[in-house]
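Okay, got some structures for you below.
Look at the two complexes coming up: chain A is in both, with chain B in one and chain C in the other.
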Partner chain A sequence: MSLQIEISLALPGRILDIHTDLPKGGCLALYGPSGVGKTTLLRVLAGLQQPQRGSVLFDGKPWLDTDQRLLVPPRSRRVGFVFQDFALFPNMTVEGNLAFAQPRPDAARRAYWLALTGMTAYAQRSPRELSGGQMQRVALARALASEPQLLLLDEALSALDSRLRADLQDALADILAETHLTTVLVSHDPGEVFRLATQVAHLQPDAPTRYGTPREVLLKTNTLGRYALAGQVLLIEPAGVQARVVIAIGIETLTTLLNHDEAAALKVGQRVSVALNGASAMVSAA
Partner chain B sequence: MNRIPARLLTLEHEHGVTLIEAEAQGQVFSAMLVGDPPDLASGAPVTLAFKETEVAIARNLGGEISLRNRIPGTVLALEEGNLLTRVRFAFAGQDVHAVITTGSACRLALAPGVAVEWLVKANEMGIEC
Partner chain C sequence: MLNNIDPQPLLLTLKLATLTTLILLILAVPLCAWLARGRSRGRTLAEVLISLPLVLPPTALGFYLLITLSPTSLIGGWLLNHFSLRLVFSFNGLVLGSVLFSLPFMVQPLLAALRQTPINLLDAARTLGKREAVILWRVWLPHARHGLFAGAILAFAHTVGEFGVVLMLGGNIPDQTRVASIALYQEMEALNYPAAHTYAAILVVFSFLVLLTLQRVQRRAA
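Entry: the complex of A and B
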C-alpha cells in the first residue's frame, strides 16, 4: 500500500511543505528537532488534523484532498497509531487491550501479535504490572491488532532507556520486515532512523525539508567525512585557555573543548550539531 | 576551529575512504575522510577546518615524518594556562591557533618570533564545502 503525501502546513511563523512517495512496505522517518511539525504531520496522516492545503493518497485512493474538500475520517483509514506515552487502557489486561483494538474478535490473531512482540507470557497482566519497554511492546501489539493499512509511530521508543530502545528497535525492524506494513515514524534519534527507515524526510526549522535514504540524509553534513549528531548544550564553563562544553546527545552526554569565541557563541539549552570525525571514533562493546 | 579557504586539487576514493588534496597560498594540504566521495570538481572552493587541539608544533624537525600537513610558521603570541597553552601563528593573512600542553610549550621554548612548523594529521583535517 503506497503512500503519497503533498501537504502544506501552517506552523507558527512559517509554512512546512512536504511531498514524498512511500512505496508499499516502506518506512518513512519524519526526522528533525522538536517543534518542526513532525507530530502534526503524523496527525494529518491519521486524519486527526487538516492541513491548509494538500493531498494524501493511500494505495491510490484519496484520504485527503483540500482542493476537492475531501477528508476520509480517521476510523475509515485503518491506521495503527503508537504514541510515546503508550496510551494503554489500564483497566484492561494486555490481551484485553488488543481485543479492544481488533476490528473483529480473533483470539488466534491476538496470540500471533503477542508472540510477534514477545508479550505472550504477559497476556493476562494489567498494564500497571509492566515495565516501560513491555508497555511499549503492548502498545505496538495493540496497533498491529487493529489490522492497520498504515502504521504511525510517534516517538514510540523515545521514553525508553538506550539499551531497551535498541532492543525494541531490533524487534520493530523484525516486525516491519515480517508484516510488510507501510509505516511512518517520527523520531529525532538518528540511530533509530538509520535502523528502521527506508526513506527520510529531514524537517528543519529554517531550511527546506531534505529527502533521501537514511544514508543520504544522515551521513551528509557540510563538513565532509564528519558525521553530524543532533545535540543540546548542557554546560559551558572556562577550562584555562579553552572552554569545556557538555552536550546532550539523546540520553548520553559528550564533553569537548572549544575556544572561548566558539563557546561564547553558544547558549545553554541551544540545539547544536556535533560533527564527529569518523576515522577518529573509538568503538567498543557496550 | 581553524578555517582556511582553499581550492580542491585532487580527490581519490577507495573502500569508503577519500583522500583529498587542496591548495591554499601555495601550500598543499591533505585531508583523509571516511565516507562517500563528495561531488566536487578540481578547482572547487573548499574550506580546510581543523581544531586547535589537533595541531602539533615542531622545532628543528629532522628526518621523515608521516604527517602530510607540515607548514612553516612563526609564533605570533602565546596564551599560557596551567595545563594548556594557546599558540597563535599567521598563515595566508589569518590566524591559525594550536592548543598544546604548557609543558610542551616550555620544552620547545616557544616565544613570539620563534620559527616553527605546525602539523596536522590528514585524518584530523576537515573539509567544508
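Entry: the complex of A and C
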C-alpha cells in the first residue's frame, strides 16, 4: 500500500515542504536534527494534526486534502504509532495495552507480539514497573498488535541500549519484510536508517529536504575520501578506508557491536563499513 | 447525645447529598470532557457560568431559583401544568438547587485532572481506532480518577453543608426540605442549644472526616 505525501507545514519561522512517494512495503526515514518538524510530520500522517496545505494518499485513497477540506480521522486510518514518550496506558497491564489495541481479541497474537519484543515475562506488569527500554518495546508491540496498514515510529528504539537496539532493529526489519508493512520512521541514528529504511528524507532547518536511498543521502564525497559527518555519527565507506582515512578502533569495541560469528570472521586489514558515534571517536587526516 | 434530636433531617441530608452527587457524576463527566477538549468562547462562557456559585451568595442563587421555578412563573407554571412537577418548597427542588450550587465543586477538580492527562495518551488511543466515548471511559477517566473522587467528595460535603439555597428554595418543611443545617438553625432560634450542639457537632465531625479523606485521595494521586 503506497503512501504519497505532498505537505507544506508552517513551523516557527519557516515552511517545511515535503513531497515523496513511498511504495508498498517501503520504509521512509525522516532524518534530521531536533526541531526540524519530523514528529509533526508523523502526526500529520496519523491525522492528529493538520498541515497548512497538502495532501496524503494511502493506497490510492485520500486521507488528507486541504484543497477539498478532506480529513480522514485518526481512528479510520489504521496506523500503528509508536510515540517518543511511549504513551502506554498506565491503568492497564502490558498485555492489557495490547488487548486494547487489537481490533478483535486474540490471545495467541498477543503472545506472539510479546514474545517477539521479549516482553512475555512482563505481560502482567503495569507500565509503571518497566524501564524506558521495556516501555519502548511494549509500545512497539502494541502498535503491531493493532494490525496497522501504516507503521509510524517516532524514535521508536532510542531508549534501548546498543545491543538491544540492534536486536530489535533486526526483529523489526524481519517483521517489515514479512508483513510488507509500509513504514515511516523518525530517527537520529544513521545505523538504524541504514538497517531499516529504503528511502530517506533528510530534513534540514535552512536547506531544502534531500531525498534518496540511505546511501545517497547520508554519504557524500569530499577530498578525504568517501565519508560524511551526518549528525553525531561519522560514516565511512570502504573506499574511504582505502584512500586516505585511517581508522583506529579497538577490536574489543568492535566485537561488542557484532555477534560472535561476525566477530570471528573479522581479519586484520579487512575492509569494513563502520558507523561510529562522533562523541566517542576522534578522526584526523593522515 | 443523639437522643435529643430528630434523626430525620440527618437522613434527609444524606439522601439529598447522595442524589446530588450521583446526578453530578453523570452530568460532570461529559461536561468536563467537552470543556477539557479545547479552548473556545463557548467553553469559557460555560466555565464562568458553572463557577458562579463559588462567588455568588447562596441566597442570591436561591432567590433567582425561587422566582424562576415558582408556579406563577413561566417555567415553574409549565413544569406544573405539563409534568405536575412542583420544584419550590419540595425535595425535588432542593435536588435541583443543590446540583446547580455544587456543580463547580465537582467540575473543577475533575476538569483539572482531565487537563493534566498527557495528550499523547489520548492520541495513542485515537490512532488505535477507538471512538471518543471509549477513550473517555477506558483511558481518560481512569487517568483522571483522583479528580473524579475529589470532585464527588467535595460535592457531597458541600451539599451536606448547604444552607442558603435550601432555605430560599425549600423552606423548612419536615421530612421534605428540613435538612440538618436548617434543623440546626431552627433549634438555635428556639433556644434549644443541646439539640443545636448535636447537629452542629455532627456536621463538624463529618466535615473533618471529608477533608481528611480528600487529603488522602490527593496524596495518593500525587
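In this section, the second predicted complex is superposed on the first by the 221 of 286 C-alpha atoms of A that agree within 3 Å, B and C clash if a C-alpha of one lies under 4 Å from a C-alpha of the other, contacts with A are read in each partner's own complex, and residues count from 1 in each chain.
By our rule, a contact is a pair of C-beta atoms (placed from the backbone, for glycine too) under 8 Å apart; a residue touches a chain by one contact, two chains touch by 3 or more.
Remember, predicted model here, so these are calculated numbers, not experimental data.
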{"item": "Which of chain B and chain C A:46 touches, first, second, both or neither", "value": "second"}
{"item": "Per-residue contact with chain A, leading partner among chain C and chain B", "value": "C"}
{"item": "Partner chain(s) touched by A:122 [first = chain B, second = chain C, both, neither]", "value": "neither"}
{"item": "Which of chain B and chain C A:113 touches, first, second, both or neither", "value": "neither"}
{"item": "Partner chain(s) touched by A:78 [first = chain B, second = chain C, both, neither]", "value": "second"}
{"item": "Of all residues in chain B, those that touch chain A in their complex", "value": "1, 17-18, 20, 31-36, 38, 49, 52-53, 79-86, 97, 99, 123-124, 126-129"}
{"item": "Contacting residues of chain A [partner chain B, same complex]", "value": "219, 222-227, 240-242, 257-259, 262, 275, 277-280"}
{"item": "Contact set on chain A toward chain C in their complex", "value": "43, 46-48, 73-81, 83, 85, 87, 89-91, 100-101, 103, 142, 146, 152"}
{"item": "Residues of chain C touching chain A in the complex", "value": "118, 120-121, 123-131, 138-139, 142-143"}
